[in-house]
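Okay, so subunit A shows up in both of these, paired with subunit B first and subunit C after.
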Partner chain A sequence: MTEEEIYQKLTDLFCKTFKRDGIVVTADTSAADIPEWTSLTYMNLVFEIEQTFGFTVKLKDMMSWQRVGDMVQTINRKVNGN
Partner chain B sequence: MESNFSKQILIPFVQSINAHPMAPALNIAGTPYTYLQLAQRIAAIRQALRQHTSSHTIAALAIHDDIDTYASIFALWMEGKAYVPLHPNQPLERNQGIIGQVGTTLILDSADTSPFHALNTTRLKSVDPASSLTDWVSTPDHQLAYILFTSGSTGVPKGVTISRRNISAFLDSFWQTGIHIDHTDRCLQAFDLTFDVSVQSFLVALTRGACLYTVPYGMVKYLYVAQLIQQQHITFGAMAPSMLTYLRPYFDELDASSLRACILTAEACPTDLMEEWFHCATNTDIYDFYGPTEATIYCTYYKLSRHAPNLSANGIISIGHPLANVHALILADDGNPVSGQEKGELCISGDQVTPGYWNNADKNAEAFFLHDDDGTPRRYYHTGDLCYRHPSGNIMYCGRIDQQAKIQGFRVELGEIEYHAREYSNRQHRAVAIAFQNASALTEIALFVESPEEDPAPLLAYLRSKLPGYMVPTRILYRPTFPLNASDKINRTQLKSEIQ
Partner chain C sequence: MAINSLSFLVLIVAVFVLYYIVPSLLGHVQFKQWSTYQNIVLLLASYFFYAYTDLLMLPLLLVVTVVFYFIGIGIERHEDHPLADRLLLLGIVLGVGMLVYFKYTNFFIQSFANLLNCCGLHTSWHSLRIIVPLGISFFTFRLVSYVIEVHRGMMSASRDILAFATYVAFFPCMLSGPIDRPNVFIPQLGSRRQFQYPVATDGLRQILWGLFKKMVVADGLAQYVDLYLGGGSVAASGSTTIVVALAYTFQIYADFSGYSDMAIGVGKLLGLKVAKNFNYPFFALNIADFWRRWHMSLTTWVTDYVFTPLCFTFRKNRQWGMIAAIVINFLIVGLWHGASWNYVIYGLYHGLLFVPLILMGKMGVADEVQTNRLGLPRLKDFGRMLLTFVLVVFGMLIFRCTTVGQFTHELSTLRHGLFTFPDIGAAVNWLFVVAMLMVEWLHRRRDHGLDLSDMRSTPLRWGIYLLIILVVFLNGGETTGFIYQVF
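So, the complex of A and B:
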């Protein structure tokens, strides 16, 4: 899966989880950019990421995610072994 | 003579400053602030308050996750004033409504731009604290310490007033539980300052010279708290069970061995969650503290046992015994104390009980009453919580009275349905039962289960095997995660609104 495809899938998941169309997801996107980003929606987002990309998200993964770029790095590693 | 408020709060806090001026008092978003810095901010704000044109004794305080917000609380207290927190993320109209209800023109805000006509504390230069550490305004204990506005059933927020006597009695009660905090502790502050557990969180730390670690706004709270516990080696903290529920899938990864004591509060505490939390928090004394805002933060507590079974009812840990300055009664519908293990409404009396709701005579007449305790008339507060007393003397929590429903004339405790639904999933999924009126104005029960969608038939069959027919829910609704309200409790109102 290319990084571009990961971003595309994440964009879909963000729009679905945060119930808003047109969310632009970039490497620098963080909780501060999305008002709907709460404990509850974040939990849902993690659930969706696990379902979509087929791996279990660890606590240490989430702790390292300061921005979406960090998230993509983890997904890339788990899915592509990069 | 010193007031109880001075003895319990101001004197110990000043002792913290004098004994450990260069030690961190606050750690906010990773930045430490020493007791000396906190004292300098308090001195600056006190000076500004003395020069302020408003003579109101109650100040509205815009609460931010910064040193000036905490400094403002102590500055106001030292100037003989009380605070009313205003959350900057709440609608402006609601905050203005609160200011209007209190009728104050004294507003403090540390934001660069404030929507209020406020005293901007960040523009104040820090001041040498020397004199302001001893010359606080002598204020009697019946004066207010804070007012917290909670949602009112009429749609207008209602203000719970807490006096200096209330908060002093609370702190006295708290220390009598045997929880020990000193200057080596790193304490968690995971609650919004509009919620009263925040007051316990910062007072317990700052009156003992410990460091308080706050959770910045806009963070995923359970994740930030996990990071604090693991990376900052938090030793003491109060948290809501819901927060642990979020962390539960990650317990095997979380190193919580630094925690010496942990308070679970703000909502019912599930037995199974605590059993798992003990495995994660390996060196921790765990306490279940219960209390409505009207009785000043906590009024009963139960210390859980790591090695022996803990008292529970329907899978919910006992709320234990009253704190030292609290009297508790369980009253039947007729207003008389229940006998034996009968269930009734928990009513609370003592120095921790609020003087009343702010300017709300109707609500005060409804919520408080006098009861004769063996010749001593005492003023009690109706908690609205359904409880019974275990033969050991511990109080068992059975849910809100208004979470009882009458179905076909039978009184149904929704907590019992929730218990069996949790048992069905081997305690893996939370469940919330909600009574609602159907199109024919008949009461039905909907059961929400916190899990991915599945066929409800096996669950219904299980519930039919455990409950009388009238208690079996007519709707089963699955949600991947439950919504929480501002106090981190399951948002039952939102769930109820989702029943079609």
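So, the complex of A and C:
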């Protein structure tokens, strides 16, 4: 899976989880950019990522995510072994 | 040794001289380790402070400091190896186990014995004679935080035992917090701290504001609150019980945030940034907002180390998983305060107050309070602030009552005399409460209530300082211990 595809899937997941169309997801997107971001919606997002990309997120990985770029790095590692 | 006592003042002056003046007098001496020297001064002062208050428990503090220092190094050395996980577990079990043993053993014995008695099985179990080390809830949380942060890779394990021990025992925060994070505090000890006039003067202002809150507002209300909630036989009408609950809410806020202001102020004097602990909680718009502003160093601690991992574990259960996480989280917050059922109920009460917010999806950061032309909150926001405040006051009544029986008694007083004129105690104390609230409302976007750093007029600024000093000297109530010192 290419990084571009990961970003595309993440964009869909963000729109679905935060119930808003047109969210633009870039490497620098963080919680501060999305008003709908709460503890609950974030956990829902983590769950959706696990379902979509087919791996289990580790707490340590999740805690290290400061921005979407970190998220993509973890997904890339788990899915592509990079 | 209380932070607002003369003996503490003597200690801080001595520390100040050794910490800044000696290095500057010997400035010509090429000594690369001035930071080490400053840490030695801080550590000796911290151990002296602790020994002065609780000499018997100083060896315990020394031992756990050394043990956790080596656990941290072990975790880092065996990163990505199961041994690191086991060492983390050892650190958590040691820290939490110590807390449970010293604070909760008798509670468990008594509760279990009572349960058996209720089932008709009579026991002759007695409470153990356990001396609770002062500040144990604070320094164990610092230690546990350290091993978790090292394990998560958020910081390197400290190789400087002096800096690490200073972090654990830093004397202004030893007895009542704030609970500093190791990844923020320890790096500050790595370089020489230079005296910075603007920071130090701001620290002095914050100390003065803390003194006002503690010695005028909190101590002024203490006697009145104790009269009705101190377990005596003074009967209160329903209206008086409401006023007493209000008074206790203001007392505990002024007491604890006053202490925090003083500790943060002393930190600024020493060139160290201590964690913020309060952010004007009475102006919160909902209960989640309140907890983001009240005892912030504890709430961020439990959020990072309890709530988030629990939410993560329960993530498949969506909002119900989050409700379970928040209730467990607040039960821990309640129990952290002490081994008593009122704290359990207090925690449960606050946990349950989050349920509607979670179900409505309103857990996010609350908006800024909207104000009208007069600078007062708009009616809608005022209503939200008032509702939050009422819920908090009710919670404080649970918190203050030492037994469930006392709490139900206080509730029963509300059935009569609700519309009679209440006993409000000395009116002047309420004047000081209003003054505190007004100043904090005006300065709610600032670092602390007496942040006057942008006030140009020196005479006006000094006039305010002198007025507060005068009020502290003339109206300082009978000195009482800090409420959070026993936790």
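Criterion: the second predicted complex is superposed on the first by the 82 of 82 C-alpha atoms of A that agree within 3 Å, B and C clash if a C-alpha of one lies under 4 Å from a C-alpha of the other, contacts with A are read in each partner's own complex, and residues count from 1 in each chain.
The rule is simple: contacts are C-beta pairs under 8 Å (C-beta built on N, C-alpha and C of every residue); 3 or more make two chains touch, one makes a residue touch a chain.
Remember, it's a predicted structure, so these values are computed and weren't measured experimentally.
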Where does A:Asp12 make contact in the superposed view: on subunit B (first), on subunit C (second), on both, or on neither?
-> neither
Is A:Leu40 touching the first partner subunit B, the second partner subunit C, both, or neither of them?
-> both
After lining up the shared chain so the two structures overlap, which partner does A:Ser64 touch, if you call subunit B first and subunit C second: first, second, both or neither?
-> second
Dual-contact residues of subunit A, meaning touching subunit B and subunit C, are 37-40, 43-44, 47, 59-60, 62-63
Subunit C-facing residues of subunit A, complex = 35-41, 43-44, 46-47, 59-60, 62-64
Tell me, which parts of subunit C touch subunit A in their complex?
-> 152-154, 307-309, 311-312, 315-316, 318-319, 321-322, 358, 361, 363-364
Enumerate the contact residues on subunit B facing subunit A in the complex.
-> 218-223, 226-227, 230, 243, 246-247, 250, 253-254, 480-484
In the complex formed with subunit B, which residues of subunit A make contact?
-> 31-32, 37-40, 42-44, 47, 58-60, 62-63
